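Same chain, two partners: subunit A is paired with subunit B first, then with subunit C.
This part shows the complex of A and B:
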């Protein structure tokens, strides 16, 4: 077995949390059940990984099989990577029947004619998701297994989730291969990025709880009493206002859990509007400013701002439109552009 | 009675008992809370400032997150001649101790302690603060 393959398998196993190693190896299926029985999973990961490599050596593993283990790892732990969402467009209206074999063949052929040295692996999952792992090389070098790109394509949708390799130059080639293989016309990057792959899917497939205008809103009083330990000696003077805030918040965010995003970024290309009392003349060039909101769970924290008293309800639509518009990177231009130039701060 | 700002909503005027002590809570991590308190002070009748108002600064345990400067708080103390209490609500011991202090102040302000008036207590607190 190739030394680089051995090292790669060893490093992949080291990434897996110790309690999960056995399950993941079983899913991999490359080592037999009997072989797995011989492994002692209670030692340190260092020893376990070495033993796994030894068994793989006995079975003569090659890079293709090692790559499958890597896909499985990334499928179970996708949140270690940053994912971007892309949307493909068809020029015609006919929906062609999706042929998986044809897709794989075209994709491989496209990449391999452009770049001889690539390692390509496919793995299909139940939810119609096709996972593709690509390790990139050059005409003179073997593929670098540590600088891989991952693609998740749901064949019944025009959406592709890409976790690009650090080698930026491979991205156009990858996009091209996807378009050709899936019989689409072109592909564009949606301004939507996050570590949480499932949340990106939720946003794009509209699987999160959306709000609809209800004609008969449910009274909120019942909810308040049951959810808090109310000390009857404490009298809330602003109960009406609090209820209004909760109601408005609910109308905007809905009841269910929010998709998990880590950033929202707003690039301002507006001119500086000075306070008339300030002694600054109106500058005509755009004032370049980048505002970035970051949080472990951005949408939940935005949802809790108004009830916590940290912001006025309703929040700025620039913040609340993120799931509906399926984007978290915005460019704000002057009023005559496609976005109003107003910027609301709590 | 808890309120997020002043003035108090007028629809509950008839349900409210006499107010003996107003404690303005300033979260040291939030400039917004300071602004809110400054805006609400304008709605307080002048007679309250004779010992029936105090400022409660919370969140003082988190030194790294201070947004409100101590000078700003002292300015309020000097302008409105009212004492400032510091506390950290997240620690139960300090929370209980602060509650007991406020309760004591409230008893004085409500006139339940014979021989001590709100005004005399207020000036007592102020004198002890001067360095």
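This part shows the complex of A and C:
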């Protein structure tokens, strides 16, 4: 077995938390159950990884199998990478039967004719997600297994989730291969980025809870909010206002959990509006300013601002439109509203 | 003498200790009783407040007419109100069950398309429309692989009924196909090799199966294509058999393909696996 492969497997196993190593190796399926029984998972990870490498040596693992283990690790821990969302566009109306083998063949062919030294692996999951792992090389060097890009694609949707690789120059090549393989015309990067892949999927596939006004009666339990254990000697002075805030908040954010984003960035290119008595007002140039909101869970924290009394309800639509507009990078220019990034094909 | 003196002192100490103990016990008891009194006071307040609330509610229900016989007038008013509410709720539920219901909003209408397959109610999808200046979709919860923009382009401005009807067909068909695939996977997992290979729209299915139900060999291989997005039965079904299989199996593939084209997936496999044999 190649030394680089051995080292790669060893490092991948080291990344896995000790309690998860056994399950992940079982999912991998490369080592037999009997072989797994011989491993002692209570040792330090160093020892475990070396034993795993030894077993892989016995089974003569090659880079393809090692890559599968890497995909499995990234599928279980996708939040360690930063994901960007891309949208593809096509004009045709044909109903298509998405053919997986055809997709894979076209993708590989497109990429390999342009760059011979790439390792490409596919893995399909039950939620119709296709994971693609690409390790990039150069015309003169073998693929560097530590510089990988990941692509997650759900068939028959125009969205692709790409985990940015260190090598930005390979991105156009990757985009082109995706467009060709999935029968679309062009692709553009959306202004939506996060570490939480599932939340990005929730936003673009509209799987998060939105409130729609319907007559369908909500379950009665919700209406009896008057709790019995409130001390009735205490009177809420602004009960109406509190209820209004909760109601408005619920209309905007819905009842369910919010998708998890870590930041929202607003690039302001507006002129400075100040008190007319100050001299600054005659500057006609836009005052360039960048406002960035960060949080471990941005949308949940925005949702709790008004009920906590830290902001007025309803919140500014600039903040609340994030899941609806599926973006967390904004450019705000003069005049009314803001202009989203334009559609550009590579 | 010294000894009797000591005895007297000892006796006094003993008596003192007893008195102290008794005093401590009295204190404890006092504290306990005070706590209890506090609890009871709180409870009394709670009950008083509940009583007031209840009385206010009853007064509110009655309204202005508080004539001679409050007990007789009150239940029937209340009963009528409850009956009316139940009626309206049932009516709304009925609208919801028809598959298409709507509610006016301050900028337009919000439609709810509820889908079903073979008597089981499945997902609901929402469309929030604005009506001025033009009819446009403001928000929706339709999955991204349903061609909503295309349908809107074709029908939304001209014939909104047609738009909703076609969209409902698409959604019902998608949900129906997905339901069949889920049912097949769940109830016939012993007949299938691994998991069904499908796509987001559930309009292309590939799977290997057997009719015996035991997890041994899977001689049949099926490929179903659903060409019409508004239908939940396949337009094309191709069943093949592995090359080493016995002749009767190979001959049955045509019958299998016909069954898949005619019946819902899980019913087709049920029919094919049943021990009934047609006399030749």
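To be clear about the criterion, the second predicted complex is superposed on the first by the 316 of 346 C-alpha atoms of A that agree within 3 Å, B and C clash if a C-alpha of one lies under 4 Å from a C-alpha of the other, contacts with A are read in each partner's own complex, and residues count from 1 in each chain.
Please note the rule applied: contacts are C-beta pairs under 8 Å (C-beta built on N, C-alpha and C of every residue); 3 or more make two chains touch, one makes a residue touch a chain.
Just so we're clear, the structure is a prediction, and the values are computed from it rather than from any experiment.
Of the two partner chains placed around the shared chain by superposition, subunit C is the only one that A:99 touches, whereas subunit B remains out of contact.
Subunit A is touched at more residues by one of its partners, and among subunit B and subunit C that partner is C.
Once the two complexes are laid over each other on the shared chain, residue contacts for A:266 go to neither subunit B nor subunit C. Once the two complexes are overlaid on the shared chain, A:157 sits against subunit C while remaining clear of subunit B.
Once chain A of one complex is fitted onto chain A of the other, the partner contacts of A:235 are limited to subunit B, with no touch recorded for subunit C. Judged by the touch definition given at the top, the superposed model places A:136 against neither subunit B nor subunit C.
Those residues of subunit C that touch subunit A in the complex are listed here as 45-46, 49, 89, 92-93, 95-96, 101, 103, 105, 110, 112, 124, 126, 128, 139-145, 147, 150, 195, 197-201, 203-204, 225, 227, 229. Across the complex, subunit C is touched by residues 93, 95, 97-100, 124, 126, 128, 154-159, 204-206, 210, 212-217, 232-233, 324 of subunit A.
Interface residues of subunit A facing subunit B in the complex, by the touch rule stated above, are 234-238, 240-242, 309-310, 346. On the subunit B side of its complex with subunit A, the touching residues are 1-5, 8-9, 11-12, 30, 32.
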